[in-house]
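Next up, some structures in structure tokens.
Two complexes are shown next, each including subunit A; its partner changes from subunit B in the first to subunit C in the second.
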Partner chain A sequence: MTDTILNIKNLHIHFNVNNGSAKVLNGIDLSVKQGHLLGLVGESGSGKSVLAMSMLAYVREPGIIKKGEIFFDKKDILALTEEELQKKYRGKEIGLIAANARAHLNPLLPVGEQIANVYSAHTKKPKKEGRIKAVEILKSVGINDAERRAESYPHELSGGMAQRVMIAITLVNAPRFIVADDCTNGLDVTVAAQVMDLLLLILKERESSGIFITHDLGIVAQCCDEVAIMYSGQIFEQAPVKDFFNKPLHPYSDVLLDSLPERRKAKPEIDTIGNLPNPLQLPNGCLFHPRCPRAQELCLREKPKIRVISPGHTVKCHYPLEN
Partner chain B sequence: MKGINIFFRMLIKNLPGLIGSIIILIAVICALFAPLIAPYDPEKPITEDNRMPPNSQHIFGTDEIGMDIFSRIVYATRIDLTIGVLATLLSLSIGIPIGILVGFYEGLFGEIVMRLTDLIQAFPVFIFAMVLVAVLGNKMENIIAAITFLNAPIYLRLVRTEVLSIKGRQFIEAARCAGKSNYHIMFKELLPNSLKPALIQASVNVGWAILLTAGLSFIGAGIRVPTPEWGSMISLGADSIMTGQWWSSFFPGMAIMVTVLGFALFGDFLRTYFNPERR
Partner chain C sequence: MDKVIEVKNLRKVFSIKGIKERLVAVDNVSFDINESETFGLIGESGSGKTTVGRCMLKLIPLTSGNLNFQNTEYSNLSGHQKLGILKNMQMVFQDPYYSLNPRRTVWETVDDSLNTIKKKNKTERRERIEDTLSKVYLKTESYDKYPHQLSMGEQQRLGVARAIVSQPKFIVLDEPTSSLDISVRGEIINLLVKLQKDLGITYLFISHDLSTVQYLCHRVAIMYLGQIVEIGSVDQVFKKSRHPYSVALLSSVMYPDPKIKRSDYKLTGEIPSPISLPKACYLATRCPEAEDICRNEPPEMYEIDDGHKVMCHFAHRERRFRITNTT
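Right after this comes the complex of A and B.
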């Protein structure tokens, strides 16, 4: 059970824009163990969604993968051709559940047909079977009256229902790994909780692993096995959930946790102000030093390396916190 | 069929669309059952008394050669409608797939195709059509070919623009991430979503094609007398308008106007129909 299923090594993705090269991912190191759900947390613009897409070896134009490797089940997927990726990998081995589900559904096709299409794209089975499968999978994601709903167009569905359909589309080919990109975004709390429960149930049932990308530390604390903190295209800290919430090691993790409402009462001022560094002009040394309360002279000069503090708990900092 | 039901339910509520489709329906019936509707032979003078004003026997009168105008108008729908519809269908079936390919792959191939369409569209349509028909010879097939050649770039451009904007939408990205093939993305995701403007344009274009055919025939580059065709009928009667015999140009002119209007109204209805949120 403790085999690593997904391993990303030193991944750099840059976007060449008019006035230079935006460095969006700057050496991502991340691994997910078989059967685990990893919560990936970071500010807006820290590169979470680009990282999510890169796990499917899909980079939006004008992005390019500068260097790095992504191993899925010990195979380097960046070495595969586009055709191999489409036929054998995307949707089949790794499924993406996107945020803003309605925008990810074809507005002119009934949702049942869309599910059937994704199914037959990988199984080459006749359409009829795909339709039956679509109704079946819609039932399993908790949609009442699935036969009728399969005939609905995306604009006829509520936000929560569209998100369930999105999950159904992803699950229909039973991928071994699920990338959920902020799939509770924009849903109200009760619906978000239902969607989360569903996702967890499915992961458990199928013994799949996954990455859950979110802003919400609360969901991470409840649902995930591990946490990774992302900042400016780097993973600052990765740890089992308990360790992380008990003793965060990175100064950024610390201020992030301090920003939670419960902790704010104790410490009304948030130390770190300002924004993420501009990806067009990244600072030298540690990317966090302009905002870091503990920054020292070394942080300005030298990029920190990954340090393993305890088994499964890694941090990228010169001066990690000691509790 | 759910889709067809919705179509008719919407059509009944939409008065201009209903009028348009009734006009088109009448035109189609005229074309199909011309021998039953027309009282006289359209290609033979049936009376010595030419330029007879409208009366009970010849409701639209007779023309310069003594042919019954009503019969000729009815028979002419066969020619004009066939040219209009066939030319539009052909240009759709050429323009749309190329438009999708060009929009999807862009690159050098796309650039070359787009510059070629620029070249075609740089000429005034009517003059270009006239030259083409003059070179190919004025037969019906050649008129269809010329109109197809001139109209296909319109659809190509419409579909390409649409594909370019839809290509970046998230559901296309989602399709890619679900591992669908390029073929699937082009023809199952992009095609239905980029068809709307082309189909609306197509309905209007049937009218334009009829107008173009009539125009060509009017100047003598299209269908020739005595084959019944609206444009050539207008030109036949044009000389006698000044002397007060208005009917031999007026009725075929009305036929063109009403038919073109019918297709335009129907095209306008399609615009409403293809907006799924308004269903």
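Right after this comes the complex of A and C.
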């Protein structure tokens, strides 16, 4: 039985804004096993990035953690002090790879120096050693001519290269768990494939675990062991990848899969399915009921609880597809 | 079938301030599009596909080449004559939020688009706008809304409405689904298919989203560094690819089906800079099958099957790029 490395329980995060309280995370239940890669799929506004940040216990005003726990390796990281988190967890045990690398890199420092700084911060080793380590890791993320490239500024790199630098920064301290937030967004097909291949290789070599946040079901199918579907701050379904693509259980999962050209049944009419609910005014009962083609009376009144349909396959729905 | 658009030997070169080298964005591109057909132009960043679309609509001037619309050459026209041809063409842009005027409502946006054609009387005009908005499923409640009040899908549908209201024969779609969430892409794709069926519009679909291209297009051309490397029907190019770049590109696609695995066919190295292109074959520096002839002699277009052309010295070689194909 593989151990669970990350376990998020009933996480609620609200943002206090001028006109009320935006309920961004509404009871997230999510777990990742040691050595596994979980694909987290959700649309814009579903709360994915807030969830990613919360995995680093990084929730800042006006965001408030209302309820819930995050266990990393059986320790509740939300109970740790900021100092402990900064020194021992962020960047060291858990690393975050963001999208739009160039937006996150310091435009005033050569990339090699940025990698070296992150290395020194956690290992306390001298800068010189950090520079050597930086060149090493740049080579391992597939950047040719690493010595020269270490002196480049972010704006001198292509999108794909900048993304690989971001990966290098995150991986230099060999964290056991990676959160990759849409890290291939905006990259060309061939570059995205190169980046993902590389990331998977490094993660598998180190037996690291991770969560890939994406809206690309292709990445999920090809790179992940498990998938979780997120909607309006909740996890609607979690399953092994094969089971999910074979037999999705939640009506929303069906909508997502059906929107793919490869899987679409020939339907010439528009399916106007609308938007995610406004986090300032969430509906009662199941958050999906306004858009759900299977919604019934119970769905309007009561929030569904998690049901285990088959090993490793859970769903939050009163009337899941199989039954 | 009638040819609506013919592009012949299109070439576009940009000068870059401060350096003497010039950027060849489009290099000797030729293709035809038949009536009510969807022609896909595929390529990655820097392939020149967007520039081709812009040249075809005369948004930017050509460096050389010919453009024909229904047998009329229009690349050299100006004034009234040029407008006479261009009024048959429209464009749908990639990012609806940035391509819509934020200060015009849904109704006004479509109304503005009608100004490009002969003015109609008020009733006819109103009816045309209402008809167009209903065709894209934008309801009466949205008529007075501004773009920021619409969902992504509604914004892009407005972009489509703006393009079809003048009843163009030809629409260039420049990555119309790339900025959209996956569930919304389906909506737009379905709409485009329906409109083509109902109105007989011809499309040029520019994209790097290979799955959508495969679904929507009848014929496609794959571009690399400003050149077309392979052209043919969707079936020929996707299932019987002959150009190493096509194969590598298609191999990179991550299919949303865990049973379909990618092949190992890969390009090495980085893409050359477009201001210092290799002599001879542009792919030679990265191609797994490159030989001396590739580095010394530019390849020509070889027709390997009816309508299927490939620009490679070894076009006759078959290549497999999928290990498990369960289609």
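Convention: the second predicted complex is superposed on the first by the 312 of 323 C-alpha atoms of A that agree within 3 Å, B and C clash if a C-alpha of one lies under 4 Å from a C-alpha of the other, contacts with A are read in each partner's own complex, and residues count from 1 in each chain.
The rule we apply is simple: contacts are C-beta pairs under 8 Å (C-beta built on N, C-alpha and C of every residue); 3 or more make two chains touch, one makes a residue touch a chain.
This one's a predicted model, so the numbers in the text were calculated from it and none came from an experiment.
Visitor: Using the superposition on subunit A, decide if subunit B and subunit C clash or fit.
Guide: fit
Visitor: Looking at the overlay, does A:Gly95 come into contact with subunit B only (first), subunit C only (second), both, or neither?
Guide: Touch status of A:Gly95: first partner only.
Visitor: For A:His104, decide between first (touching subunit B), second (touching subunit C), both and neither.
Guide: first
Visitor: Between subunit B and subunit C, whom does A:Arg60 touch in the aligned arrangement: first, second, both, or neither?
Guide: The answer is first: A:Arg60 touches subunit B but not subunit C.
Visitor: Looking at the overlay, does A:Asp258 come into contact with subunit B only (first), subunit C only (second), both, or neither?
Guide: After superposing on A, A:Asp258 lies in contact with subunit C but is clear of subunit B.
Visitor: If we overlay the two complexes on their shared chain A, which of subunit B and subunit C does A:Pro311 touch? Say first, second, both or neither.
Guide: Neither partner.
Visitor: Looking at subunit A, does subunit B or subunit C touch a larger number of its residues?
Guide: C
Visitor: Smallest separation in Å between any Cα of subunit B and any Cα of subunit C in the superposed model?
Guide: 12 Å.
Visitor: Which residues of subunit A touch subunit B in their complex?
Guide: 53, 56, 58, 60, 85-92, 95-96, 98, 100, 103-109, 117-118, 121-122, 151, 153, 155, 169-170, 173
Visitor: Can you tell me which positions in subunit A touch subunit C when the two form their complex?
Guide: 43-44, 144, 158-159, 188-193, 196, 215-223, 241-242, 245, 255-264, 267-275
Visitor: Touching residues of subunit B toward subunit A in the complex: what are they?
Guide: Going by the criterion above, the answer is residues 2, 169-171, 173-182, 184, 188-189, 192-193, 276-277.
Visitor: Would you tell me which residues of subunit C are touching subunit A in their complex?
Guide: Residue list for subunit C touching subunit A: 44-45, 137, 151-153, 181-187, 189-191, 193-194, 197, 208, 210-212, 214-216, 248-249, 251-258, 260-262, 267, 269-270.
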